[in-house]
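Both complexes shown next keep chain A, but they swap its partner, so chain B is in the first and chain C is in the second.
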Partner chain A sequence: MSILGNRVLRVEDPKLLTSGGTYVADVRVPELDGAAHITYVRSTIAHANITGMEVDEARQAPGVLGVFTAADIDLGVPPLLPMFNQAMARPLLADGVVRFVGEPVAVIVSERPEQGADASELVWPDYDPLPVIVDPMESARDEVLLHPAAGTNVVLALTYGEDPNLFDGCEVVVSEDIVNQRVAVVPLESRSAAAAWVDGRLWQWSSTQNAHGVRDVLAGQYGLDPAAVRVIAPDVGGGFGAKIGVTPEEVLLGWLARRVGRPVRWSETRSENMVAMGHGRGQWQKIEIGGRRDGTVEAYRLTILQDGGAYPNMGALLPWLTRVMAPGTYVIPRVEVASRAVVTNTTCTVAYRGAGRPEATAAIERAMDIFAFEVGMDPVEVRRKNLIPADAFPYTTATDAVYDSGDYEEALDRVLEGAGYQELRAEQARRREAADVVQMGIGVALYVEITAGPTAGSEHARVVVDVDGSATIYTGTSAHGQGHDTAFATLVSSRLGIPMDKITVVHGDTDLVERGQGTMGSRSLQLGGSAVFEAAAEVITRATQIAARLLEVTPGEIAFDDSNGAFRVAGGDEPGVGWPDVAGASKFDGTPLAASVDFQASEPTFPFGAHLAVVDVDTETGQVRLVRFVAVDDAGRILNPLLAEGQRHGGIAQGSAQALLEEVCFDADGNPVTSNLADYAAISATELPSFELIAMETPTPINPLGAKGIGESGTVGSTPAVQSAVVDALGHLGVRHLDMPATAERVWRAIQDAPSGKGA
Partner chain B sequence: MIPAAFDYQRVDSVDAAVAALGEHGDEAKLLAGGHSLLPLMKLRLATPSVLIDLGRVQELSYVQDRGDHIAIGALTRHHVLHTSGLLATDAPLLAHAAGQVGDPQVRHRGTLGGSIAHGDPASDLPAVLLALRATLVARGPEGNRSIAVDDFFVGFLETALRPDEVLTEVQVPKVTGQGWSFQKMNRRAQDWAIVGVACVLSGTAAGIGLVNMASRPLRASATEAALAGGASLADAAQAAAEGAEASADLNASAEFREHLARVLVRRALEESAAGGRSAARV
Partner chain C sequence: MEMTLTVNGTSHTADVEPRTLLVHHIREGIGLTGTNVGCDTTSCGACTVLLDGQSIKSCTVLAVQVDGQSVTTIEGLAGADGTMHPVQAAFREHHGLQCGYCTPGMVMAAVSLLAEQPNPDERAVREGIEGNLCRCTGYHNIVQAVLSAASAQEGGS
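Then we have the complex of A and B:
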């Protein structure tokens, strides 16, 4: 019996839970012996000209090997993504102007980390303050330019389906301005890297999701052939999208190592991480939706203003993905999306779990809710009426996405049944009737998202069987906690009949893995896993030929038993040969028993689901408590339910956190006010109920595993479900919308200001 | 997140701590759990040149029955308070509230004396001691002196302790027969209260301490007076924010804090009047 589809325990966990992982800061290798420590001096002001920088005192401080500013750096400015305004490129250290609090203005190399921290207090920049722009809407007016050479604050503007008559003929048109607020990424391991020059090559250890991507960026920056750079990602303690790219602090390490003639190590503090790694979300949206009084939606317009932060990064590109997913799970004949991304004097925005798709889902789900509110129908029935039917797949949306497979109504039915929707509505009615202090809210959200996109993806794998019968998998994806070792070993074990404990997974080392694209966009299993799966199949094909030779038959006469890895003559009862025999014979012939595959998908895939949240709202204090969360998530065929549920749990927690608690805030002067985990309310288990997970599997035809991505689904569906539940709890008071997070004061004020508010 | 350099001195007795304070003056800080002080030091918002560690002063960790009151050594950890059978019987409000402080790590390292001496208006236990009308004992070069809790909190992070004094003991009257309640409203279980209320009630005599309603832990005097004057619980609660000087921050405006104080005081009084939480619910 195959182990595919079973709850195989994570092979990573014994180490992670006992002796602990080896993260960058833990790496002890001869190449890093005598490493110096790097400390960045960061701007304490959001926007200013740097008129001088006093560093002499810091240079004299104990243990300091060097203090450098932009004037010292002779590395080029990394280029922006090609679609961005290149005049907004970010220098490695602030060069004449600082544009956000936390931007590095100088760098210190010291013998020990505490010496760098001490010396950083002796660097004295002189600032001539400039007007600060925190609000993206103010930025969009272009009255103060952050990058004067660019001539505008707009990084990227996109339009799709422009139609001034979009809502002609609609009986009902409603609109709302909503905010998908900026949130922090909060990986448990903050950014960390080390660099050493080894025999003329640059070796860089990096806490990254994409070792080969880091290699290519460094090679470009240092003018090296990619083969002259080795990037190693050891255990990575979370990334959530923010560790896809390479930040200036990391790019500089090789230069610093060369300059001081020593390897260097850098690990940022939590406070630095909260202001300098990058933030997620940050979209100001206008939703307009029109249709008939019977609940049929006919047209939808989404207007997006994306806060890009001080310098264009991945965040500025996300409205593009939001556009792709704008219509969600619904048949909407006319859809228009217009977006602008602008710069502000704040931390850069980057990809964060879902990256553009949660923003799309939040917008369309809020739109469905306000439309239902306006026509006086149950929000579930309005959704049902407009769902893409199960027989319509593959389905091309008004925004030109091609949804591969799905059954949205089935997902909706399962979540409603699992939650007991009618009983919940009855309980809600009872509490409303009794005017209970604690009111109940029910929120339902349907979602579909794009994974392994935005265009058809590919990934590399190599599977090798050694003469001792063990196997090694080399994969171009790069785990940051999801369980790739378990997943890929399961695939190979099921295919080759080699026990899990004789399979090693190698990833995140550019010297060991020929090529790869890393982990992001919920791509790893469906692309990386498919490559591993197909490479294993090729190994069997090769091994079968060798076995045929050893057994003196034709390959067609060989039967391979994937339960124990035995090659036998079909129909015979001879013992045959096993992996050590065929691997040994292959090696004797001079080639290892191995296969490399670059799996190329024809399209992205579109996982979907339905989430239902139940909240209690204390109408006197405004306090919201999430009391139930029911989720149907369909990511195609599930390789390992345990791993999939882990992804759903984490995603639902993070998505609920955005709806309930989390928001990155700056004051009017651009000072971050949520720069530690006391002020920034990252959610904990105490604030969450046990999640009720309902399984559903609609395989995709796009890859041999039938698998879609599951890593981001939780955040895509849960945020609007929880937000909708909070609003729903106040619906009887006439509240139609409430921005996130649902803080007690925000909820209390909504009740005070509600048309039928009771002014508790 | 690396503190500025400091000297570290471990003491094994209160007298040694007093002597060390006398030697170093206000350059020194006492370490008694460290869950407020060390984060401030890591952010370099506090830069004491000497840290005097009380962690091994065994004589300051106890919960004792002294007849009409319970005496608690200043180094008693929150977890010990929370699980003390003596407190569960004779001061259940304190036992319960100690279980609401921070998270398990904080409760296993943080100490009652450390929390009280820090004088943070956002902390839970100062308000509890106000409600219980506790007496605090401090030792200095001249010996011990008692300080009524109402005289102890004098300003933001400022107490009546002198620079050369160590807080050694907290004495709380036994409260048998009183109803009690602890109301804590926060974003997350581990957070400081946005507003908190500690309450004991016996007939018309109430003790009510407020968390986070001024620059120092505050007694809801107007509500206590209204109750003593015969006002209903609901009416008395309307006076909960009188005399408060709530601040505005990330979590709440001053106006919302005042509203919360009125709601939570009413709830605390109602729960207390209904017999309060029983020891079994601690």
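Then we have the complex of A and C:
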């Protein structure tokens, strides 16, 4: 029996559970012996000219090996993505101007980390303050320019389907201004890296989602051939999108190592991480939706203002993905999306779990809710009426996305049945009737998202069988908690009949893995896994030819048994040969028994699902409690339910956290007020229920595994489901919309201001 | 200051700068890197270890404060023959970890919780691990693992 589809326990876990992982700060190798420590001195002001910098005292401090500012750095400024205004490029250290609190203005190299921290307090920049722009709407007016040479604060503007007559003929048109607030990513391991020059090559250990990407950036910055750079991603303590890119703090390490003639280590503190690693989301949206009184939606306009932070990064590109997914799971004939991304005097925004798709789903699901509210229908029935039917796939949306496969109504039915929707509505009606202090809210959201996109993706794998019958898998994906070792070993074990404990998975080392694109966008199983799967098949083809030669028959006469890895003459009862025999023969011939595959998908895939949240809202205090969460997530064929469920749980928690609690805030002067984990409300175990997961599998035709991505779905669906539940709890008071997060204060104020007076 | 600390049953005497946090002494002084640092405000619990059997956040204790005491870290939890502690085994069985960074602290917090409350219900487990943040699992499988370890201990004793 195949082990595919089974709850195979993770091979990663014994080490993580008994000795802990080996994260960058734990790496103990001879190349890092005697490493010095790096401390960045960060701006304490959001926007200012730097008129001077006193560093002499810091240079004299105990243990200090060097203090450097922008004037010392002779590395180039990393280029921005090509579609951005290049005059907004970010220097490695602030050069004359600081543009956000947390921007590095100087760097200290010291023997010990605490000596660097001490010396950082002896660096004295002189600042001449400039007007601060925190509000993206103010930024968009271009009255104060953050990058004067750019001539504008707009990084990127996109329009799609522009039509001034979009809503002509609609019986009902409703609109709402909503905020998809900025949140912090908070991987438990903050950014960390180390660098050493080894025989003229730059070796960099990095807490990254994409070792090859880091290698290429470093090679570009240092003018080196990529082969002269080795990047190693050891265990990585979470990434969630924020560890895709390479930050200035990391780029500088090789320069600093060369300058002081020693390897260097850098691990930021959490308080640095909260202001200097990228944040997620940050979209101001206007939704306009129109249709008929019977609940049919005919037109939808989404206008986006994306907060890009001080320097353009991945965040400024996210409205593009939001545009692609704007219509969600619905048939909407006319869709218009217009977006602008602008710079502000705040931390840069980057990809965060879902990256542009949760923003799309939150918008369309709010739109469906306010449309249902306006026409006086149950929000579930309005959704059902407009869903893309199951027989319409592949389906091309008004925004030119081609949804590969799906059955949205089935997902909706399953979540309603699993949750007991009618009973929940009855209980809600009872509480409203009784004017209970604690009111119930029910939120339903449907989602579809794009994975392994935005264009057709590819990934590399190499599978090698050694003479002892063991196998090694080299993959270009870069796991940071997803369980690729388990998933890919399972694939190879099931194909080659080699036991799991004789299979090694290698990833995140550019010297060992020829090429790769890392782990992001829920791409790894469907692209990386498909490459592994096909490489294993090629190994069997090669091995069959060798076995035929050994057994003196033609390859067509060989039967391979994938339960034990035996090659036999079909129909005969001879014992045949096994992996050690064929691998040994291959080696004797001078070639290892191996196959390399670059799997190329023809299209992205579109997982989907339906989420239902139930909240209790205390109408006297505004306190919201998430009571139940029921989720149907369909990511095509499931390789390992254990891993898939884990991804769903984590996604649901992060998405719910945005709806309930989490928000990055700055004051009017650009000072971050959520700059550590005491002030930022990272969600804890007490604020969440256990989740009720319902299975559904609609395979995709796009890859041989039939798999879609599952890493981000939970986040995409849960945010609008929880938000909708909170609003629904107040619906009988006349509340139609409430921005996130649903803090007690915000909910209490909404109750006070509600058309139907103060609470129940 | 010279101080002596027993870590996982082995005594270590060292000259420690008074401002050194216990977690840094464990990681850098003693060389056990299983215990992680996740924040600087005593909020995340990644650095949780057992001090004389009780869980503490080792980023909020000065090393010299615990002179003469005994610390257990994640490296000291399994049996001498490598057999996992019931809490470790339950975390694996229930997929209670993903990236693994919060795991050593989370496991130590769970061990301490079950020592105090051998038979907690789900709410008690959630409250018991409230001081330990996990960004990967949504806590669902961690809670399942702790409940399962509790019943395994119950059955075994």
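The rule is simple: the second predicted complex is superposed on the first by the 758 of 760 C-alpha atoms of A that agree within 3 Å, B and C clash if a C-alpha of one lies under 4 Å from a C-alpha of the other, contacts with A are read in each partner's own complex, and residues count from 1 in each chain.
Everything below uses one rule, namely that a residue touches a chain if its C-beta (ideal position, glycine included) is under 8 Å from a C-beta of that chain, and two chains touch if they have at least 3 such contacts.
These numbers come from a predicted model, not from an experiment.
Residue contacts after overlaying the shared chain place A:D118 against chain B, while chain C stays out of touching range.
Applying the stated contact rule after C-alpha superposition, one finds that A:A678 touches each of chain B and chain C. In the overlay built on the shared chain, the residue A:E745 is in contact with chain B alone; chain C does not reach it. By the touch criterion defined above, A:D26 reaches chain C but does not reach chain B. Partner contacting the larger number of chain A residues, of chain B and chain C: C.
By the touch criterion stated above, A:L75 is placed in contact with neither chain B nor chain C. Applying the stated contact rule after C-alpha superposition, one finds that A:V186 touches chain C and leaves chain B untouched.
In the superposed model, A:A653 makes contact with chain C only, not with chain B.
When both complexes are overlaid on chain A, the residue A:F691 reaches chain C alone and has no touch with chain B.
Using the contact criterion defined above for the overlaid structures, shared-chain residue A:Q482 touches chain C, although it does not reach chain B. Common to the chain B and chain C contact sets on chain A are residues 114, 269-271, 676, 678, 684, 686. Put simply, chain A touches chain B in their complex at residues 113-114, 117-118, 121, 269-271, 620-621, 623, 661, 665, 673-674, 676, 678-679, 681, 683-684, 686-687, 743-745, 748-749, 760.
Across the complex, chain A is touched by residues 1-2, 4-5, 39, 43-44, 185, 187-192, 194, 250-253, 256, 259-260, 263-264 of chain B.
Across the complex, chain A meets chain C through its residues 9-10, 12-14, 16-23, 25-26, 28, 114, 186-190, 235-238, 240, 267, 269-271, 480-483, 642-643, 645-646, 649-654, 676-678, 682, 684-686, 688, 690-691, 714. Those residues of chain C lying in contact with chain A across their complex are 17, 19, 27, 33-44, 46, 74-75, 77-78, 82, 84, 88, 91-93, 95, 97-104, 107, 122, 125-127, 129-144.
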